[in-house]
Structure formats: structure tokens, C-alpha cells
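Both complexes shown next keep chain A, but they swap its partner, so chain B is in the first and chain C is in the second.
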Partner chain A sequence: MTDPRQLRRRRLRDRLATLLITAGGVGVVVSVLAIGVFLAWEVVPLFLGEGALAPAELWQPQPVEGYAEPQHRWRPEPLVAGDAVHYGMAPLAWGTLKAALWALLFAVPLALGAAIHSALYMPRRLRARLKPTLELMEALPGVVIGFVAGLVLAPWVERHLAGALALVVTLPLGAVAAGGLRALLPAFLRARLSPGWAGLWLAPWLLLVGSLTLWLAPALEAGLPGGDLRGWLEATWGLDVASRNALIVGLAMGFAVIPGIYALAEDALSGVPASLGEGALALGATRWQTLWRVVLPAAGPGIFSAVMIGAGRAVGETMIVLMASGNTALMSLSPLEGLRSLSATIAIELPEAAVGATHYRLLFLAALLLFAFTFLVNTLAEVVRTRLRRRYRRLEGSA
Partner chain B sequence: MRIGKGVTRRGRVLLLGMILALAAARLPADEVVGTLDAVGSDTLAGLMLRWGERLAERHPGVRLQLQASGSASAPAALTAGTTLLGPMSRPMSAAEREAFVARHGYPPVELEIARDALAVIVHRHNPLETLSRRELDAIFSESRRCGAERPIERWSQLGVTLPGDRIVLHGRNVASGTHDLFRLRALCGGSYRVRLNEHPGSAAVVAAVAAEPSAIGFAGLNHLTAGVKALRRRDAGGEAAAPTPAAVRDGSYSLSRSLYLYVHLPPGGTLPAPERAFLELVFSPAGQAVVEAQGFVTLAPARLAEQRAWLAALPTAE
Partner chain C sequence: MRPFLTRRRGEGPWPWLAAGSVALSLSMLAGLLLLLAVGGLGHFWPAEVSEVTPREGAPFAGIPVREERVVGSERRERLYFTGNLDLDGERWRWIPLDAIAALEAPPELVVLERRRWGDFLGHLVALEDGGRRHAGAAAWPALEERLATLETLRDERDHLRDAVVAPLVRRLEQGGDPAAAAELARANARIRELQTAMQGATLVLESVDGRRLEQPLAEVLRAWRPNAMSPPQKLAAWGRGVWRFLSEGPRAANSAGGVWPAIFGTVMMVLLMSVVVTPFGVLAGIYLNEVARQGPFTRLVRIGVRNLAGVPSIVYGVFGLGVFVHGIGGSLDAWFFADSLPSPTFGTGGLLWASLTLALLTLPVVIVATEEGLARVPEHQREGALALGATRMEMLTRVVLPMTVPAMLTGLILAVARAAGEVAPLMLVGVAKLAPQVPVDGEFPFLHLERKFMHLGYHIYDTAFHGDDVQAAMPLVYATALLLVLVILVLNLTAIFLRHHLRARHGVASRA
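Let's look at the complex of A and B:
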């Protein structure tokens, strides 16, 4: 019945579509590789020919005017000809990792907690509302987050340092204490405060704990020797407190990273076949045991890849670090000191760097480092995720 | 039929002629029309744009297209021939000038368009009023090339009592004209402390200092707000110079600089009408009023007259 001409036309259309889609896919892969090749091409002249840089100049401390010992310095532009230049990139790479580390320290517990809660405890109705809200958080541009962190949060923390540091301790403790106190409540009240709706009754409680902390903090600070937290930190711990510090950057960037980690971890957790959890519960395991021994191990690789993707984003993030940190190229682990990241350095300096000069090529080296890092992390996350998907399929097949 | 057709054609030609005549009558003979491009400094972006607006008011047919990606972009664009005007917040370096000469065989014309100054600023509640050159260097640099013996890291070393004793430093980023000028004039060419917070704009420096009582910073004079206080500079004789317009204009306030506009103009050549109209505006009283409104300092009258005379002596384009 089918008209052979029609059949032929349809087949042609099919082939054309396949060709276009394949070309698109290959195009994407090729352009990603081309970026890497382009970056490497700009970087290679640094290490070749006359005036080649020794890797030690980039990564090891060098002699600096005014200091007896070698120092790490990022001073890529001479003011007048013959000025000493320093190409120490170690503080920049360090700053990137430090910012990412503090962001993840803040974001991972919160995002994973939220994912576990919403995948396993939350009523479906509430969950359907929560997910889009968190996605909205992801839509906030980095510039806005960085601006708020740099010009609102940093001065506030500067004025209320004791309160802010106390909050970091009391809020998590308060949340744990809420769980403990709930267990002590009479049964009828406990039934009212169901874990699924914890978001509703926990928020006022944390607000109370927070305000109490801020109210008590000045009194606590006055109790310190000297009556000044900043002076005490400096005298006893040798800590210098900068207003634009890694804590602020971590908080702001953590805020930006949470939605991504949450979404992937939630998918991994709700993708665990229901039969597994139900089986554990039927065998008499408590909710906690089911979560800890059965569901989490099954979703482990997915959660790992969620954290990896978060790390990739945190390392590459530019505007938040640029605006919330003071861009001070320091080598310190202290969360109360500033940092300068590779990406922020590129954003600030590339427009003014003379094309083809050492400074310009070093900025490309920074870009290449970032590219390699995100590429590795994302690939790792993807490999782990594929393996997880295969495991689910097997589990579901045997059930 | 044939005659009728001919009439219509003739009619059409007539109509077209009339429209053209009308249009010509509406346009004065010397009306300037066109787009002019400028590539260069972001410090000068606001000033250039205001001048562009004024120019469009004078000559509705002229539009300014500004690309403000930094002073370093101006010589590159001028040499490549993509623009005739290059605003810069620093003089062209010898290398940049050589590259231009190598390509075109003559140097670009350097015009001074305004004066600018850096202010050393503290929080508005800071009681400090003046700083000497050595003190400033001892605060901001780790090299202390201006001759200070010890670094100054605390406000108490300056005789100031503040709740946070440690001095917090704010300034502009590497690869900005402001950063380089301060390094040259205030640090005697030395190097900054690592702890300097580097901000990508003068407005950000001012905002950071205004929010932090123990902070000190430097920023372009035209960005100051009520939240910060500009310090005066004390010289060896104990005289304090404030960044007043007069002191900035004659250079007696040493943290001041000229802002430039580089023009690609062959010797004996002519400027296109839009560019010429733009330069006429810049050196006119109205143009210099824009300079003042933007927070910069106007040129000294003698310098202004000199450059006006140069412009008037240029042969006009036919």
C-alpha cells in the first residue's frame, strides 16, 4: 500500500535528521576540545625559547624586596622597565581551592540534609513546592550574590563578629537539639510536630536560637580577656581578621552551590528503588537504620557525583569571589583571612594585559588550569553516575 | 496611453526632486552627520558618554559609539586603525607609541582633556586629617622606598584610637591606571602589601571604606561619597595639601594626573566632521562644564586656549 516514493522521502528525511544530530554532537565535543587546544596554544610559548619561565618561578617562593626569606608574590606587571616582577601563581591556585573548600563545607551538609529530608521524609505536596523554589535560588546571578555578600554581609559580620561566629556554632547545635527535645515531648505534641513538616516548626525555633545568640554574644565577648574578640583572636591564636574573608566567600558561594548539589542528590536518593527501603522497614529496621545502612549506600555514587559537580561550580565561579573577597593573594588556611582566586584574577586583569606578554599568557595558564580541573571533576562525576544508573537497573531487575 | 505613462514618469522624477530639495532645505549646509567611534579607558567612560550626549544635542545626526574596555585597548585600536579617538587615563607608553609609528609613520596626537586626582580616604568617623608621604608609604607598601623606617600596621602608631586597631587596606586592582599612579607617586615605585584588598572599581573601594571604620583606601576623586573623608597630604615643611581643584590643576597635589585623548591624525591631514565637532565640544566651555559635573577637574585656561588654537588651525575637511 505504501507509496515507494513516500517511503524513500521519509527515509531520506530520517537520514538527514540523524546526520544533523550527529553533527551537532560532534560539534560540541570538538569545540570543547578546541577550547583546551586554544588555551594550551597560548600557554606553550611561556615555557619555550628565550626567556622561558621555570616552573619554580610560578609555584615556589621567590626572593622579594624587603624580605629575608623567599615569598609567594603575584606581581605580574612592571611599573617601569626593569622593575621586579613576580609570577607566583601558587597563592591564586590556593585561593581558588580555599574558596571552594569553604563553600563546600557550608553547602554539602545543608544540601545533602535537604535532599535526604525531602526525598525520604517530606510529604509529596510540600516537596513539589520546595524543588522549584530551590531551582529559583540557582537562577540568581552570581553578581547579585557577590554584591550582597560584599557590600551587606561583610560589613555586618565586621560589626557583629562575635555574634556571627557564635551563630556558626549555635545554629547547627540548635537544629540537633530540636530533634532531641522533640523526643522528650509528650506523645500528642510529638504527633503534631511531624518530621515531614519539620521546615515549618524548625524555622521559628532556629530564629529563636539565632536571636538569642546575637543578644548574648556581646556579653560573651565582654567576658573574654581584653573584652575584644578581635584582639583576643590576634593575641592568643595569631589570627588576623579581614572583613572580606573566606568565610563570607564560602557562605555566598555555598548559597550558589546548594541548589545544584541538592537537585542531583535528591534525584539519586529518590531514584533508589522503593522496594529496598520498604524491605528494610519490613524487616524491622528503624527509619534511621534504613536511611544510613540501605538507602544512602545505594545512592552513594550519585551523592558523590552531586558533590563533585558542586565542587566544579565552586572552582569556576568568578563574580561571587571577585566581589565578596578582597582579592588578596595570600597563602593561609584561616577562614577569617582573604583570598584571591584564579577566575577572579582572569576577570580583573585580562582586559588590561598586553596581548602576547608574559602576564597575558599566565592568565591563559590560569584558565587552562581551571579548564582541566572542571573537566576532570565533571568527567569523574559523570562516570560515577553512569555506574550508579547501571546498578539501579540491576537491582530493579532482580526485585 | 503612452503620453500618460510619460507624464507619470516625469511626475515621479519631479516628486523625487521636490523631496530632495525639501530635505536639503531642512538640513543646514554645514550639518554634521555620522557615527564616531572611541575605544579606551573605563575611567573616562562616563565623561565620554556625557560628551556624546551633548554632541547629539548640538548635532542630532551624530552618534558616539564608545567601547570602554580599559586604557590599554586605546593604543591597540588606534594602531589597528579601527578608531580615530582613544581616551586614556595615562600617557601612552613608549612601546605603544613606537608600535603606532611603526605602522603609520607618524605619532598620534596627544590631547589633554581633563585633570584627575586620587584621594586617600578613611571612614567618615576617623579623626585622622593628614598623612605624610612617608607615613602613607609605610601604611601601603612592603618596600618602604620613600624612607620610612618601620611599617605602620596599627592606627595607634598614627596616634589614632579606633575600636579596630589594625589598619585595613583597600585599593584598586593590578592592571589599572589608578593602581599604577598610586604605586608610582605614593609608594615611590615600590610594591604594595599583600594584604591590600583589590577592588575592580573606585566606587567599590569607596563603598568598602565607608562600611569599615578601621579602613583606609585610595580612589579616584570623582567617586567620593559622604561616607568617606579625603585626607590631606602633609609635605616635609608640614604644609598640608588637600585635593582641591586648584591644587589638582597645577599639580601641587602630587597624587594627580592628566587624562588624555589620543587622535589618529596624519600631519597636515584633516579630521572627519563628527570627530572635529566632538573635539570642538570637548574644549568649549560647555564641554569643560561636563568635566566638572563628572567630578573631574577642568584644564588650566592657558592649556585649554593652546589646544583650542591647535584645533582652530586644523584645515577643514571639504
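Let's look at the complex of A and C:
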């Protein structure tokens, strides 16, 4: 027997709680989504009313005193009173994209390679250990990576430029050579060094190759005309070498985005219905042929979304760029020159900008750009991923 | 048949490149952690001091730091930390290896840590103390004894200043109170007494090349003779060094001393953030998964929330600055703290605004983790509870939520780990280079939400990029970075362990 009054009380309480949860949930969701609206609200006065900026002032070269040609120039506060101010945001946007581009150039091959290896070759037990390890790598704070990149790596690369550049060539060659050498080994040793565990036993080998490269690099450099790589680069290619440059940023930020890309790409690859791959293998394809012709096309959208999410992270990363890039607003593609990104500019300049002034609102515009870009990229990636999951389910159903 | 002409059936170079990228990623991670560990922990080890005699010029004492190849030649050179900023005008010296005539490690070399001018490396000649002079072999024991006394005097003075004088001064500011005034005078007299007791003694020091220096003992913080120490003694000194790093405040424009205020500030901010983010994140997760009608709209919201996890942290900082600091904080100032304007109370960055900003930043993490946990609870559990007559509220609180607690905890831990490492938004909403007052003290209302605070991550950035002698601050930056990474790794490992435990208990996802 239930007391009807008690039942009513319980019902009432239930309705109240549901109401509370709904209010809380909707409130949180709305307030979180309000970020974009707020940023846009702060930016609108820039382009309306008196003293409005023309978009051309931001994105097209403007005449600068002392230069014949119009220039892209970011100098939002006069250095001395009465100086002209320039609001050219193009170098900042360029710097952001350039940093992201170099980071992705470094991270995408490594992350995809790691994902392919672990999805296709690794024993399940090892893969279950590798994933959390790379998750830990993702958790490393940007400020620590930026510190190591800016104060340890940058001076080191400056001193060992030839060796560092040579590593880019020798490490992949070393990995391939390891495969070739393994085929020559006696059978019992070859069984020990199984391809499934190659992710581990290749590490000391690559370390050896790397140290050998660094040891030989000075001799190689001496073989260049002039015996000095830096001078040669400048003379032949017109490249100026800055200590903190896009290469360092790309390396550091690539390190930071590898785990994210890896995790999503690995999910996409190992989510491909096993029947597809097994069919190809049964018809006599090698594992790599299976991957290239069957698994990759099936997982393509997932890998695309992984790269997109990596790009979103690279575009917005602040501390690494701030500490490793030198923060010079330039418009060059050269990997050996510095750059200044939107996010670093916000971090440096916003605390000092006068509230409500043009400079302040421009920095809000920068934030809005970052927000819009990452939101678009992530939405795209998420939609693609959802579609893909549905496709896998269908494929599995029909198999 | 010409078998030797057909290509051997293998998979080509690609699989090896793929394996190589795993190996490279792992080595980079290991290398980074190793670098931080060596750089951070090595700093506290009492390194041996060598007496270097160059082929030309005077000898000097120094601690070897690192070796490099001279650019454009085969020679190598070594960097020594030589200290003695007051004598030499600099603290570092590069010397080519082939220019060193002799290297020795005499046991009597002392290292003094001083309040001004940084470290001294050289010989201790004598300790002069009010007319008495301890010279030769007697000098070192006398110095050790005097330093121990100094330490206790200093502790007493600091205690008096913080625990007695400061509250009294505040009481006097609020209204005249004769008892307080008398007490204050007594405390100040005692402090002056202690100050005089600290003065007086002088050290006579001599650098390795024979220059004499008179050093007031009150300026010396610590002294040790690394070359005469046995390994256990060194280990003990190392332990004390680590402890001082964790428990003391920074000195010399953050380039020396410890990081205690930064640890405290980080923990405080993260705690406040958790208090805010947990209820809201869980509420939103429950709403999305249990209450809202599942349809295209919730799917859209879910994508939106997931995307917010990918929005750059600096954007949250800008939002926090605009909405919390200038919006809400400015209004609070205008309403409640109008008498102290134009100097802002809440209208500038502070602990509260930083915590709220980071709570917003980590909200998606908690929401997503809660949702995943809820989705993992088998549908029949819910149906069973409802069939037995429970209302939805009772079904949630008695059956579903208890099963989701580990998932929520995982989300919270991940959120904390993310928040502890985030620096960029804090630069806009309230972190300080040096905050003299921690945000918690014995004064009402005990927790000062409007105060600025120090943060481990920002401490790294600031010390590494804004100090005047970055080289000298490097070991401290390494140690701080190591500390931050350790905290975050431990948090993440806990989260990974919890999640693993959870999967093992519930099996694979039953509804996802």
C-alpha cells in the first residue's frame, strides 16, 4: 500500500528535480555557447559608427612612412607619442597559419604512421599500453613544452643546425634500413625482432642513427661551399636564420598535437570492420596493400577529421608559440624565420590595452577569429566522424 | 622461371616508417621527461667545485655546467658557474678545454649562498665576531655554528613579523587601541633586538686568485663545502634543497628560492574551479543524457559542447576578461566598493575570476565524461528501477548516479589536470608575477577572492623569459617544470586507472 499523499510528494519532488536539472543543463549549455555571441558583440563597434575601421585597413597593405610600397604592418600602439598606428592583422593571421602548417607537416606523418603501426601491426596488449602513454604526452602543459623549445631546443638547434636538418633525412632512412637489415639477420634473431614490437626496439636503433648523424654532421657541413651552413643558406637561398623560428615552433607544437591526431586516427583505423581487411588478406594482399587499398579508403574521413582537429589545436595553441617563436610579425613562408600568431598577440597585448579602445577590440576580433576557425573546423570534423561511424555500422551489418 | 629476378615479396619500406614514427614519438616523450628530471633534480645536488688553472691568466673556482663545440672548429669549450658577481662582474665563464692547464678539487673550497650578489665560491679565511677571530681550521666550524644560530634568529623574526606585527598593525588601522599599541611596540623592540643580534659578525673571504672580500655574516643564508662532503651528506643536502624549494618563497626576482606561493596559488585556484565545475558539468551531463528528449537538437548541442573542448584556451581568457573582470567585476566595484575606486577591487584580475574562467574552460571535459559514464549504465537497470515504482529522480539518485561516480571523478580529475597546466587564459584574468600575500590568511573573510595569485605554469614562463639572468634561473625553471609535469602526470594516471577500473567493472559500453 502506498500512501497517496506520499506518492504525490514524491511526484512533486521528481518534477522539481527535473525542472532544476533542465534549468541547470540549459543554462550551462546556453552560457557556454554564448562565448561566440559575446565576442562578436564586443567586435561590432569596430566597424560601425564614428571612427569605424575599413576592412581594407586590417587585411590589405597600407602605406607606411619610409617605405615606397604599401606594407602589412601591425603596430597598434604608437611607440612614441604622435607616431602612426597600423592595424594590419594579416601578418598575425599569416603567422598563426604558418605555425600550424609547420606543426602539421611534422605531426601528421608521425601521428598517422604511429596510428597505422599500432592499428595494424601491434599486438593488442602493447597497443593497450601505448594509448595511455600517448595520452600522457597530450597532457603535458604547453608552457613546459614551450620552455623546452624556446630555451633548450632553440639554442641547441642554432648551434647544430646542420645536424638537426640532417636528422630529418637520416631518421626515416634509418627506420627503413632497420627493416632491410632485419631481413638479413639469422632466423632466430629475426623472430625476436618482430614487426609488432618494432615501435619499441626501433627506438634505440634510431637513437644510434641520430647520434651518428650528429657526430658526422660537422664533417658534412665542412663539405659545403664556405664550410658554413648558415652562410650557405643565406648566400644560395636568401634565407635568414633566426634562433627562435617556425621550425622550432613546428617541432614543439607538432609534439603537442601528435597524440590528439594519433588517438582519433587510430580509432578510425581500428574501427574499420575486420571483415573488410580479412577479405583482402584472404585474397593474397600483404598487410600494407590491405591498408593502402582497403582500410585507408574506408577510414579516410576519420583520418581527415583527426587532422582537422589537430589543425584546430595548432591554430589556437598559445604558450608554445609565445615562447618558441620570437613573436616577430613577418609575412614569410621561410621555416627559419620567426612569426607572431594571433593567440600570442592576445596574450602579450590584451593585459595592457585600454578597455574599449580600438586596440582592445581588435584583440577581441583576433579571439573571435580563433573561435570561429576552431569551431568550424571541429564541427566539420565531428560531423564527418559521426557519418563515418554510421557507415561502419552499416558495413558491419551487411557483412 | 627466374626466381632471383622477381622482386622479393615483402611489404616495402612503409611499415618500417610507420614503426619508426612510434619509436620516434616515444623517444621524444622519454627524452623530454628525462631532460626535465635531470635538469630539475640535478640542481639541488651539491655539485663539486673545481679549481681551474688556465694556461694564461689567474686561476678561478667554478662548477662545470656544460660543454659545447666551438662553432666552426673542432675545439670544445666548457661553461663554468663561477659566482662572485661582486668581484668579477659576472657569474659565468666559458673556457676552451685545451686552455686548461690544471684541474683540482681542494676540499676546503666553500660555496656561500648570499642574499645579495648571488653565490660566492672560494676560500674561507676567517670569521670575525665582535673582536674574536676564528681563523684557519677553526673558521669553518665557527661559521657552521653561527649560521645555525642565525637561522633560528631569522625564523623568530619572520614569525614575529607575520603572526604578531601584521595583525596588530591592521587592528591599529581600524581604530586606536592602547593595548595593541603597547604590544606592537614590544614586538618591534624584540625585532630590533633580533636584528642587532644578527649583525656584527663578518667573514673574511678570499677568491681563488687571491682577492680578499669582507662579507657581513647576516647576508649569508647557507654555506657548504661540496668537495669535502660524503655521498650521504650530499644526499641529505639534496633532500633539504628539494624541501626548501617546495616550502619557501621566491627570492631575487624569482630567480632563486622556492615556489611555495605558486604551489599554493595553483592548488587554491584548481580547488575553487572544481567546486564550480563539478555541479554544473554533472547537471548539464545528466540533462543531456537523461532528461532532454534525444533528437537532432540534443545531437547538435552535444556536438557544440564537444567543440568547445577544442576552442583555444586563450579565447576563454578573453571571454573571462570581458565578462567576468570588466563586466561583472566592474559592476561589483561600482555597487559595493565605490569608496575605493578608481583602484579596482573585483574589477581587475583575481583568484575568483581565474577560477571561473578555468571552470568554463574545463566544463566540456566534465560534461563529456559524465555523459560517457551515464551511457555506460545498462538500460535494464533504469527500466528495473522504474518498473519497481521509482520516480525518475529516485531512479537517478539511487541507481544510475552511484554507478556513474567513477566516470564523473575521472572527468573531474582530467579537468583538474587540464586546468593546472593552462597558463594563457590566466595571463588575462589574474595571475601575478609575484604576489606578496597568499589568497588565504587569518583575516576576515579568510579567503580573499579578489587577490592576485601566483601559478606554477606562469612562474615558469615569467622566470624563463623575463628574468635578467636567464641562465642562472634555468635550474629553477627546470625544477618548477618538473613539479608541474609530475602533478599533471599523477592526476592523469589516476584518471586512466579509474577509467580502466570502470571498464573492467561494467564491461564494454552497452549503449554507445
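To be clear about the criterion, the second predicted complex is superposed on the first by the 354 of 399 C-alpha atoms of A that agree within 3 Å, B and C clash if a C-alpha of one lies under 4 Å from a C-alpha of the other, contacts with A are read in each partner's own complex, and residues count from 1 in each chain.
Definition applied: contacts are C-beta pairs under 8 Å (C-beta built on N, C-alpha and C of every residue); 3 or more make two chains touch, one makes a residue touch a chain.
As the structure is a prediction and not an experimental result, all values here were calculated from the model.
> Aligned on chain A, chain B and chain C: do they clash or fit?
Clash - chain B and chain C, as placed by superposing on chain A, overlap.
> Applying the touch criterion given at the start, work out whether A:313 contacts chain B, chain C, both or neither, answering first, second, both or neither.
second
> Between chain B (first) and chain C (second), which, if any, makes contact with A:351: first, second, both or neither?
Both: A:351 reaches chain B and chain C.
> Touching A:65, do we find chain B (first), chain C (second), both, or neither?
first
> Name the contact category of A:328: first (chain B only), second (chain C only), both, or neither.
A:328: touches chain B, not chain C.
> Considering only touches as defined above, state whether A:151 meets chain B (first), chain C (second), both or neither.
both
> One more residue to check, A:79. First (chain B), second (chain C), both or neither?
A:79 contacts chain B only, not chain C.
> Does the superposition put A:286 against chain B (first), chain C (second), both, or neither?
The second partner, chain C, only.
> Please indicate which partner A:266 is in contact with in the superposed arrangement: first for chain B, second for chain C, both, or neither.
Neither partner.
> Does chain C touch more residues of chain A than chain B does, or is it the other way round?
Partner with more touched residues of chain A: C.
> If the shared chain A is used to align the two complexes, which stretch of chain C, 26-34, 44-52, 116-124 or 170-178, clashes with chain B?
Among 26-34, 44-52, 116-124 or 170-178, the clash with chain B belongs to 170-178.
> Return the residues of chain A at which the contacts from chain B and from chain C coincide.
Common interface on chain A, chain B vs chain C: 150-151, 228, 322-323, 347, 351, 355.
> Residues of chain B touching chain A in their complex?
69-73, 76, 142-144, 163-166, 168, 170, 173-176, 180, 183-184, 189-191, 194-200, 204, 207-208, 211-212, 215
> Chain B touches which residues of chain A in the complex?
64-67, 73-77, 79-80, 83-84, 150-151, 154-155, 158, 228, 230-231, 234, 240, 242-244, 322-323, 326-330, 338, 340, 347-349, 351-355, 359
> Which of the residues in chain A come into contact with chain C in the complex?
The touching residues are 2, 10-11, 13-14, 17-18, 20-22, 24-26, 28-29, 32-33, 35, 38-39, 42, 109-114, 116-118, 120-121, 130, 132-137, 139-148, 150-152, 159, 171-172, 174-176, 178-179, 183, 195, 198-203, 205-207, 218, 227-228, 255, 258, 262, 286-289, 309, 312-313, 315-319, 322-323, 343, 346-347, 350-351, 355, 363-364, 367, 370-371, 374-375, 377-379, 382-383, 386.
> Quick one: in the complex, what on chain C touches chain A?
Within the complex, chain C touches chain A at residues 9-30, 32, 35-36, 68-69, 71-72, 74, 279-281, 283-284, 286-288, 290-292, 301, 303-308, 310-319, 321-323, 326, 360, 363-364, 367, 389, 391-394, 396, 417-418, 420-424, 427-428, 457-458, 460-461, 464-465, 470, 474, 477, 481, 484-485, 488-489, 492-493, 496.
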